[in-house]
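To start, the structure itself, in structure tokens.
Note that the chains are named A, B, C, D and E in the order they appear, and that numbering of residues resets to 1 at the start of each chain.
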Amino acid sequence: MSIDARTPKMGPETTAIAEVDAKETLFARLARTQWLQILIVLIAIVAVFSVMAPDTFPHWGNVRLIIQNASILAVLAVGITFVIITSGIDLSIGSVLVFSGVAAAIAMRTIGGDGWGTAIVGIVVSIAAGLFWGFFNGFVIAKLKVPPLIVTLGTMGIALGLAQILTGGVDIREVPEVLTNSIGYGNVFGTIPIISVIALVVIVIGAIVLHRTRFGLHTYAVGSNEESARRVGVKVDRRLIAVYALTGGLAGLAGIMSLAQFSTTAIAGQTETNLNVITAVVIGGTSLFGGIGTIIGSIVGLFIPAVLQNGFVILGVQPFWQQVAVGAVLIVAVYVDQVRRAQASRGGDVSVWKHLFARRRG
Amino acid sequence: MTTPILKARGLNRQFGHVRALDDADFEVYPGEVTALIGDNGAGKSTLVKALSGNLAVDSGTIEFEGRPIDLSTPAAASELGMETVHQDLALAPHLNPVQNMYLGREVMRSGLAGALGFMNDGEMRRQSRRAFDDLGATVRSMTSQVGSMSGGQRQAIAIARAVHWAKKLVFLDEPTAALGVRQTKNVLDLIRRVSDTGIAVVFISHSMPHVIDVADRVQVLRLGHRVATLDAEKTSMEELVGLMTGANVGDAAA
Amino acid sequence: SSGDGGSGGDSGGSGGSGDGDYSLAFVQGVAGDEFYISMQCGIEAKAEELGVSVKTQGAKQFDPALQKPLVDSVVASSPDALLIAATDQSAMQAPIEAAANSGIEVVLVDTTVEDPSFAASAIASDNYGGGEAAFEAIEEAHPEGGKVLVVSIDPGITTSDARAEGFEAAVAENDKFESVGIEYSHNQPDEAARIVTAALQRDKDLVGIFAANLFAAEGTATGVQQAGRDDVTVVGFDAGPAQVEQLRDGIVQALVAQEPASIGEQAVEQAVAALNGEDTTAEIQTGFTVITQDNIDGEGGEAVYQSSC
Amino acid sequence: MSIDARTPKMGPETTAIAEVDAKETLFARLARTQWLQILIVLIAIVAVFSVMAPDTFPHWGNVRLIIQNASILAVLAVGITFVIITSGIDLSIGSVLVFSGVAAAIAMRTIGGDGWGTAIVGIVVSIAAGLFWGFFNGFVIAKLKVPPLIVTLGTMGIALGLAQILTGGVDIREVPEVLTNSIGYGNVFGTIPIISVIALVVIVIGAIVLHRTRFGLHTYAVGSNEESARRVGVKVDRRLIAVYALTGGLAGLAGIMSLAQFSTTAIAGQTETNLNVITAVVIGGTSLFGGIGTIIGSIVGLFIPAVLQNGFVILGVQPFWQQVAVGAVLIVAVYVDQVRRAQASRGGDVSVWKHLFARRRG
Amino acid sequence: MTTPILKARGLNRQFGHVRALDDADFEVYPGEVTALIGDNGAGKSTLVKALSGNLAVDSGTIEFEGRPIDLSTPAAASELGMETVHQDLALAPHLNPVQNMYLGREVMRSGLAGALGFMNDGEMRRQSRRAFDDLGATVRSMTSQVGSMSGGQRQAIAIARAVHWAKKLVFLDEPTAALGVRQTKNVLDLIRRVSDTGIAVVFISHSMPHVIDVADRVQVLRLGHRVATLDAEKTSMEELVGLMTGANVGDAAA
């Protein structure tokens, strides 16, 4: 028999636990801020464009417009982050946005008037319409167990079809001026778009709800293992319905924002919206298999394609080449993010290049 | 004999062509430790799932404290004061031990913050650590994902959780399978302590020494049917093994 | 072809006084569409002639939600003039007006906005008239009358809506013809083919189909061919090289050609005039030509869009 | 102590095993034919339309056209079924189809000629181009661990952009007549479209490979649990690359089929293709989470929206309402399928209505 | 002493802040049963993963039959003749027992059919049934999904698989945890039989009686570091438990 001379330094396990957890606060924070990795990628992209187009790209006027144009998508991305964390998907947001805008426009036209009274009715109708579709999605998914892809694809067709029926296929362009002047193109402090402030409020509230409240915790639990969550008494069906309703409601809010911004219901538009938003969420590190994700990651993920497009246009890259470049940078960005995450969780220092040529394991 | 706290009669459940429960009866008495034993695939876990609201049976009745009940959801079982440690532990792999411990029963902050859905994380962490220490569990980090933990660590979390919440009855489906020696001893002690407080325990295990050690009553399941109910003090390992495998008593020994 | 590689973008903002070094930006309604490519050809040809540079951009879909960020980015690169095919008259009003307010000369091409007063010029295509002309082509092929169908893109797209509207209005005026309605192909040829084959089963006496854009026409032609119904007259919109070949092959019987290259040329002229402080024409309406196999080698041929530039 | 009088009838376990397995052959077959459920849904839809439009809908002329129009999508659906069974996704097939068609068209134009020689070069180039993109997808997914959604989204943009660059955005319409006359519009037995025969061959081979060969088994294993498959020595990376390459190759084949059918490269015209095909595969019972699915299910899933659309157009349903109706029927069809599957696996007789109002469990 | 078939020196592996392997050594001798024991979370499974090509270590060396090797994939380990039963069984839940048994090593048909990728299903089914029967496994259906089977049934499949393929060394990470009494006995017998054929067995278990019963040599892991190597015949349960928990020898008993 041989007993190793070097017995571990630690005492009984409970001491070891305490020790580990004391060190942990910092580590836990680092782990929770894995979106930092993708933020670094974004910063790198911004830096490259700033060097290549120093006179135009990095100026506030340009940055402001990038932010303004991302605002509506950001509101949608908050909802979709919740949905994907539950391991679901929602393809209907573009159509729900259009439907909500149409419903609001019709309501406002019916009431008439150009003041805040009318506008508020529009806002309420739009959000209510979105909530309705979201609730419908959630109900069919949670209670009737139809896969989210099918349900929301069905809703996508139904909501858009109904929007077309309501308008007869002709866009409504009567939007109260107070809406366009405030939400649409208003600013606070003279230069910060109100539409972006609204988005920021949604992002902050969304992040608090997801990361700090019981509802958020249950969202992760459902996506992590639906069966387990159900077994320990999480009201999975209710949570799912709430998550889809929330997403629908945010699509409704986005609907009125879009109406204010574009002064038209744009029923033929929004065809790329769901793919763009889902892409942003996945770039931001949310897993399509559920249980993982952050709001802030999704927002960073939204800006990567937005900044790329803006930068390429400013540099005058041809549209055909832009598609190629955006596609390629997307893959590279997410790849770099993956490698950096793996390093962070390991504490190792394997470089991207080493990883590329090393064989995969563990 | 007192009335059983839980009584099942004629439970049947078919999976495709496999008859997992075949006219199974079962009962649990308050304050007792009832061991449920049987060969692999005998239907023990299926029975536990059926009795804890996790599985609909094809036919059969379940009574709780003398009243027939409809156990359609796990939440319904929890409300009656029943908790379960499943063999495939019901943990959310992406959440940490504390979050798993309190999942579905979070301690909320007081006042408005609580009403808004904010949780009292500090309180939950403290309570969880106490519960794990009670078990001598070697959970080395309270903020890592449960999915990355060792088999024994995960099992300890599941047990701590169930015991913490049980009011009247706790099902433990092979709770010690992955546990270390010391942790196993702690769990067996815990089972005794729990049942001393009047809570009924259903204990599933393949370890006959543990069964005989801790149980008051042993029920034997074979091919989905309960074939015997025995007094733990008056039986032997040989008899139990014989009943489980369908061999003659004394024929097979561990 | 369009990126001239030079330092065009940095010529010192707006108001460059010399003739030579203006930088123009052209924003298409949708990238990869032959109508806009032909327009781009016209623009580039004229730009070269006048010695100005031009860069072209276009979004993936005909969708104001996608075009607005693009326009904002183009404006950020501060060209001297912006030539743009707005995807929506209301939605694009504010962003384009903002460009004009920042000192960029704006020329609206193909489509317009609600209040184009800020623009140096608005050169519009007559989509409604094009729709009417498409019906005349069917009328000519089937003087006896019958049922007609429109295959459009999506409801809410202003240009194709106007074409369909013009067509339907013309049908309504002739009681020998009956419209069986508008179907939408979502800009997918295979979708158009599926719709047309089904519609031909429903209305076996269909005599003519007006396909409101290129893909609708391609799908419609395929569907008609699949169903073996070469007696049906297919009229397409636009006359890119691809469509012309369809016409020569007899798959399509007539094409309504707009004048994209000419729009582009005039747009550059107007823009440069505005930059030079010369007079501009506020509104220019361009026409269209109906091309058939009979005139393809004559006057019709001249209306065919340029394909290479 | 009480020993139950009724001891089980069976002897030692091994006997019981044998007994169960004897019964099983039939059952196993039934289980494996769960796509029967969705086929029944399709048949029901066909029956309804046949009753409502007896003069047009059920006739061979119409059925033939539905089949012909589904043929290209069917070839794609075979590949996507493999991909989704591995728990992946491929959004690039539409673009790869276009790129392959463009590559083939350019190759054939360069060679010139209208005969089979030229056509065969086109076919080979098209399939090779598809294989290339599929291989690229597979490599990045398997070796660099970038999520399939991101990779194939990137490829979608890159392949389409390159196709546009190659053509200058102008469709190529010079397709050898032998192609259009054979693959495009030729028939066997005078009435069965050759294009559908090609699709059928692909379907049959695909089904055999998936359900009968080691490659198919490994496809399921990778999707069922990638980690497990790797541990037991399945060459997961190679299998993934092969699956994506296969899918790309089939998209290449679809590219030449599309070229033959439409006589044009239709560059911008495949934006809905990926969603249509993925929908078909999911309707057919393949799980987006991997490990489950059949080729035949996907094909049935393809015909449900196709038949719905055809039927609604024939019935003269207004286009706006068509979208609504297709969306609604889609959800209902998959819901009914779910309920029937649950019944089948249970052997129970719970009706759809009972299920709808019962609470969910086990 | 003969040369070890497998020898690891100074293995380290960190997960975030948890040091799962802390300068761990390990060796296995041919034809011997080596028990690897340790408390929950001691790093046993991590060590097995590292030695079977399932996990990259941060530092350390591994020698196989005296030659340093690079175990970068599970396939590399298999090629060397090593098989593993992991604690979280490496089964594909959607496949049936036969498919799992032969996954990655399918028996192909002969001739062209085989070259085309067609498998000899009948042969694989027969062989699988024989292997399961050997273990007395109660796998009740050869065509159901493994994911729907009971814990013991799944474990039996994993064991049958590993033993069937091992040429030189088999790792068994808590193989009997979910097994019934009879099946456990069979597995212990099997371990002896396997090691008699010259194949080395690494056996991880929390059941000290089983360890002492079946092992030739016992290695004790504590907090990621090997703290002792003992001769199974000359040790006692008390000593083992003391070493595992870090308490003084004789201080803690099971």
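The definition used in the following text is that contacts are C-beta pairs under 8 Å (C-beta built on N, C-alpha and C of every residue); 3 or more make two chains touch, one makes a residue touch a chain.
Quick caveat: nothing in here was measured; it's all calculated off a predicted structure.
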> Starting at chain C, what is the smallest number of hops through touching chains needed to reach chain D?
Replying inline: 1
> When the contacting C-beta pairs are counted for A-C and for D-E, which pair yields the higher total?
Replying inline: A-C
> Using the average of all C-alpha atoms in each chain as its centre, how far is it in Å between chain A and chain E?
Replying inline: 44
> Between chain C and chain E, what is the gap in Å from one C-alpha centre to the other?
Replying inline: 70
> Between chain A and chain B, what's the gap in Å when you average each chain's C-alpha atoms?
Replying inline: 40
> Multi-chain contacts in chain D: which residues touch at least two other chains?
Replying inline: 13, 16, 20, 24, 27, 31, 164, 169, 271, 320, 360
> Where in chain C do residues touch two or more other chains at once?
Replying inline: 31-32, 61, 155
> Listing for chain E: what residues touch at least two other chains?
Replying inline: 15-18, 39, 54, 73, 138-141
> What does chain E use to touch chain D in their complex?
Replying inline: 52, 54, 73-75, 78, 84, 86, 89-95, 99-100, 103-106, 108, 116-119, 129, 132-133, 136, 138-143, 147, 161
> Can you list the residues on chain D that touch chain C in the complex?
Replying inline: 53, 56-57, 59, 61-62, 65-66, 68-69, 72-73, 164, 168-174, 185, 258, 261-264, 266-273, 306, 309-311, 313-316, 318-320
> Once bound in the complex, which stretches of chain A touch chain B?
Replying inline: 13-14, 16-17, 20-21, 24, 27-28, 31, 209, 212-215, 217-218, 220-221, 223-225, 227-235, 291-292
>> So in the complex, the part of chain C that touches chain D is made up of which residues?
In response: 1, 30-34, 37, 61, 155, 180-184, 186-191, 193-195, 197-199, 201-202, 214-215, 218-219, 222, 225-227, 240-242, 245-246, 249, 251, 307-308
>> Please output the residues of chain A touching chain D within their complex, sorted ascending.
In response: 87, 89, 91, 140, 143-147, 149-151, 153-158, 160-162, 164-165, 169, 237, 271, 275, 278-279, 282-283, 287-289, 320-328, 330-331, 334-335, 338, 356, 360
